[in-house]
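Some structures to go through are shown next.
What follows is a pair of complexes built around subunit A, which joins subunit B in one and subunit C in the other.
And then the complex of A and B:
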């Protein structure tokens, strides 16, 4: 019987799409090579448009609902555990290392799922101002976040590059380079987890091809760079970002409460007390 | 027109002694500038030269940063509770010498003494008290012990609240274990120089607080100095963008508190008289030299005429004049340049078709002054409705529905603050949720407290000052 091979595509707005440019790049694994879409500037713009809508939809849901959707993602990954382990082995990991990585990834999703309806209780608070005022620091998501995935071959790391922002209500465009097969495979489980369209988009390609556009795009509210960049690229990003005071987070924390802090805006509301 | 006559009640300026010339402050003492250059600081209410201050060049900044580096070696090993005590002592000294500071602030900056005395100075002391208490509680502030200070922090502050901005910056930076090189504004350096004397008096270890005076070039040297690990800036959005750009290739902490064009939304069910007071306070406080000023008045259409009528009457009672007169509501415009900027934007607004109301009052012959002004009949596209004027000029727009109010309020690159006036609680919460603003005042405006985080969305900058959230601006946090 002829074995058939899966075609991996970008995942944007709840659909699997090729690059509009028709261009691809090759990821060479142990036994297979994959031709993946080489994301173009136009693909990026489409993803941003989708993420804007996704942001609205994600924020219409209650935090309780978001918690369940993220938990559903962990169930999906658990169900496909063997295939992830195989894929990681294809990337050169030992079976033990691959198994550990997938187990960690599941735990990571469960951890963030449970945080989705609690983080504001930890990061927000009443402020004891000197006077008869009710004063509260309410916490809001920063908006559309573009994340550059770490180059480590790891499902857990990939997940840690988009879940912190999503947990606090951001929509995310997750961009991967060498480990794109992993993230595009993950897109399938994301697709089966009831996430509203556009909440999480996956793109593959060569970051240097879109670096200028993504850092200039005014509808991208923040860039989180989990992948290491050279000084020159980092400079380009920050310079472009400065034209609209865009937030750029270089190598942000990947675990615990500090991992979500970059993606929060604090809104402090005052009201007088009286009769 | 003005129905009440007041007798003058002038606060004496004999309490302050201003030296004819000031050096920079680092290594625990005042030093003449290596640049050998000075600039004059004038009183904007009299145009009198008050003193000459040093212009910091690259070498001056370098010396101050080195001093801060040395200071950090000591300060980072100083027990947190000892750091706290220094800050408490500073708070106490500020309280004790608060009248002197207030007069100095009004002389150098032009703000009414009632504001420097009753607002700025009490807030300055409160900030030092508040952050002093955090110094030895950082481990419980965000539930993690793994928080580190940056090291040397470069701080650049504006001229609208000179000493208060110093307090907002210096108190949390020192509490979290950083050392500071502060660059006060070119036009208002005197209160910061007096503060440096206080640091001596409390015995703050040398190099912990450092001060370099000067102009924009001095600030630029500070921003570009490799020894600075974090920059905290308050000022215009254009300079904020310059700083973000200039530090693009460095691994550096950055917080920016930039401009604003806040909407003050008045729903038709608001308590109108209170709202009029709030709107007046929102825009005319400190001559409108406030980044979070409520400079766009958003009126629900059906109350427009009634509201404007009451507002104009109330505005006419504002007293413009000598900042040291205790009856003065509106002091001097901070500088000639700022006065020119305000004048030109207002002229443009008139040319665009806006209807301008200015109060009738006599203005002093010397100094820089501007009449409290109100624009009606304004289109959202006019520059007066978009650009930060940073003066006593209010621009009126109207709306019909809450949705429209939110849309107009958010239709700006800025996102620092906003106001909501209504008697309906659910409408406050609905509106507050939808406004892109870091601070929302509901049925009040321009309220501040050291425990209350302040800072913007969008192009109004990033990072917060004040409160528990303000600590994060000066700490690297790991979980």
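And then the complex of A and C:
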């Protein structure tokens, strides 16, 4: 029987796309090599345009509905568990480590799914003020978030780089480098989870090639860098981001409630108390 | 920007000579598609791109044609047409604003003293399904209100019934009502469907005295297409060879981004020549296109991709 090898592609706006530049890069795994799309500036721009739309569709849904959709993602990953374990082993993990990582990943998705309709009750507040007013800290998602995945070979880590922002209602462009095969495979399960188009996009490539464009792009509201960057790159990012008052989070928390805090903005609402 | 071109077709064609040019219109569909798609692959480098984008702004007919249009909305849009990007002096004004006749005088309040023209759609845009008397009344009203340009729709009913004569006569009458005001005739290429029909309708509209031919009302899903624009350019070229009259082309309906708009410019440049690359001969009917063009202009100047919330609404 002929063995057919899968071509992994970027996932943008609900479609699997090659880089418009036609360029690829190679990820070498144990038994086979993969040619993945090398994301260009234009690919990035397309991803931002689609995330912008995705942000609106994701926010039109009720929190309860978002919970259901994220939970469905965990079901999808559960269904393809074996293939993830195999892929992680291809990346050099032992079977035990790979199994543990996939189990953790599923638990992580379920945890964030549960948080999606509860976070505002925890982070929002009714504030005491010296007057006849209700003073409410209303919480809103920050908008379009670009995340740089860490270089660790781990599905759990990959998921922890985009779910915190998504849980609070942001749309995400998830960028990966050496471990791109994992995130592009994950895109398939994301695609099967009823997520509105553009809510979550996956790009692969060399971050240094788009660093300038992503940090200057006015429509990207925040950069969350889960991957380690050198001082020079961080400086460039911070300087460029300042021109559009873009939030930059270097190595933000990946655990618990603190992981979603960077992606929330607080709006203070005053309302007179009735008499 | 220069004022509206002076030249108009001295007298409309006779019906007999119109029939002559309509005869034997046959379009090679595969050839058209091939040529248009090859023109779309032209690469436009940075400086040329900036020039093209500025051209596009200066060729824009900023349009609002909704039942919900109000004076406020039109005032805001017209202000934007006069000064599309208040933070950048190098960005030119748009060519015109395009509104319903009842809002012409509102737009005029702002355009008076500027180069921006006011175009009104008339003849019972977008369907045109009324008797000629009503169409004439509609057009006269728009002109009395101060419209500089009139956009009319062809009688598609008669066109499909094969009554080309009626289509022709209506345009002639409307042109007469327009006097020296510029007449743009909308073909609604999405409804004409075949390339032969588009070419025929183009020639028919030109022979009847239109100053511009325009692709679409923007009110149907299949608005403009580059193939239609190409065919219209060909018709304009053939008509020029026959009569010496240079007509203009306006593309409208579904052109939303700069990349697409630049491809239209390439078609015009290649098929008609540089003479056509100004607002006297080529226009974009657009509502959302202008925003994208402004974003791209600033991107070229600052290297940062832009968001439309930093540009005026309208």
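Here is the rule we go by: the second predicted complex is superposed on the first by the 273 of 275 C-alpha atoms of A that agree within 3 Å, B and C clash if a C-alpha of one lies under 4 Å from a C-alpha of the other, contacts with A are read in each partner's own complex, and residues count from 1 in each chain.
Here is the rule we use: a residue touches a chain if its C-beta (ideal position, glycine included) is under 8 Å from a C-beta of that chain, and two chains touch if they have at least 3 such contacts.
None of the values given here were measured: they were computed from a predicted structure.
Undergrad: Have a look at subunit B and subunit C on subunit A after the superposition and call it: clash or fit.
TA: Aligned through their shared chain, the two binders fit side by side on subunit A.
Undergrad: So, does A:272 touch the first partner subunit B, the second partner subunit C, both, or neither?
TA: In the superposed model, A:272 contacts subunit B only, not subunit C.
Undergrad: Thinking of the overlay built on chain A, is A:217 touched by subunit B (first), by subunit C (second), by both, or by neither?
TA: In the superposition, A:217 contacts subunit C only.
Undergrad: Which partner does A:15 contact after superposing on A: first (subunit B), second (subunit C), both, neither?
TA: The answer is neither, since A:15 touches no partner chain.
Undergrad: In this superposition, which partner touches a larger number of subunit A residues, subunit B or subunit C?
TA: Of subunit B and subunit C, more residues of subunit A lie in contact with B.
Undergrad: A:45 in the overlay: touching subunit B, subunit C, both, or neither? Say first, second, both or neither.
TA: second
Undergrad: Contact-wise, after the overlay, does A:258 reach subunit B, subunit C, both or neither (first, second, both, neither)?
TA: A:258: touches subunit B, not subunit C.
Undergrad: Scan A:241 for contacts with subunit B and subunit C and give back first, second, both or neither.
TA: A:241: touches subunit B, not subunit C.
Undergrad: Touching A:137 in the superposition: subunit B (first), subunit C (second), both, neither?
TA: In the superposition, A:137 touches subunit B alone.
Undergrad: Name the contact category of A:62: first (subunit B only), second (subunit C only), both, or neither.
TA: neither
Undergrad: Given the overlay on chain A, how many degrees, to the nearest 10, lie between subunit B and subunit C at the CA centre of subunit A?
TA: Apex at subunit A; the opening toward subunit B and subunit C is 80 degrees.
Undergrad: Compute the least Cα distance separating subunit B from subunit C in the superposition and give it as a whole number of Å.
TA: Nearest C-alpha pair, subunit B versus subunit C: 6 Å apart.
Undergrad: Show me the subunit A residues, by the header's touch rule, that subunit B contacts in one structure and subunit C contacts in the other.
TA: The overlap between the subunit B and subunit C interfaces on subunit A comprises residues 243-244.
Undergrad: Touching subunit A in the complex: which residues of subunit C?
TA: Answer in residue numbers: 302-307, 310.
Undergrad: Residue numbers of subunit B touching subunit A in their complex, please.
TA: On the subunit B side, the touching residues are 126, 142-144, 237, 240-245, 247-249, 251, 256, 258, 413, 428, 432, 435, 437-444, 447, 449, 451-455, 457-462, 464, 467-469, 472, 477-479.
Undergrad: For a test of understanding, state which residues of subunit A touch subunit B in their complex under the given definition.
TA: 122, 125, 127-131, 133, 135, 137-138, 231-232, 234-239, 241-245, 247, 250, 253, 255-259, 261, 265-272
Undergrad: Within their complex, state which residues of subunit A touch subunit C.
TA: Interface residues on subunit A, with respect to subunit C: 45, 48, 212-213, 216-219, 240, 243-244.
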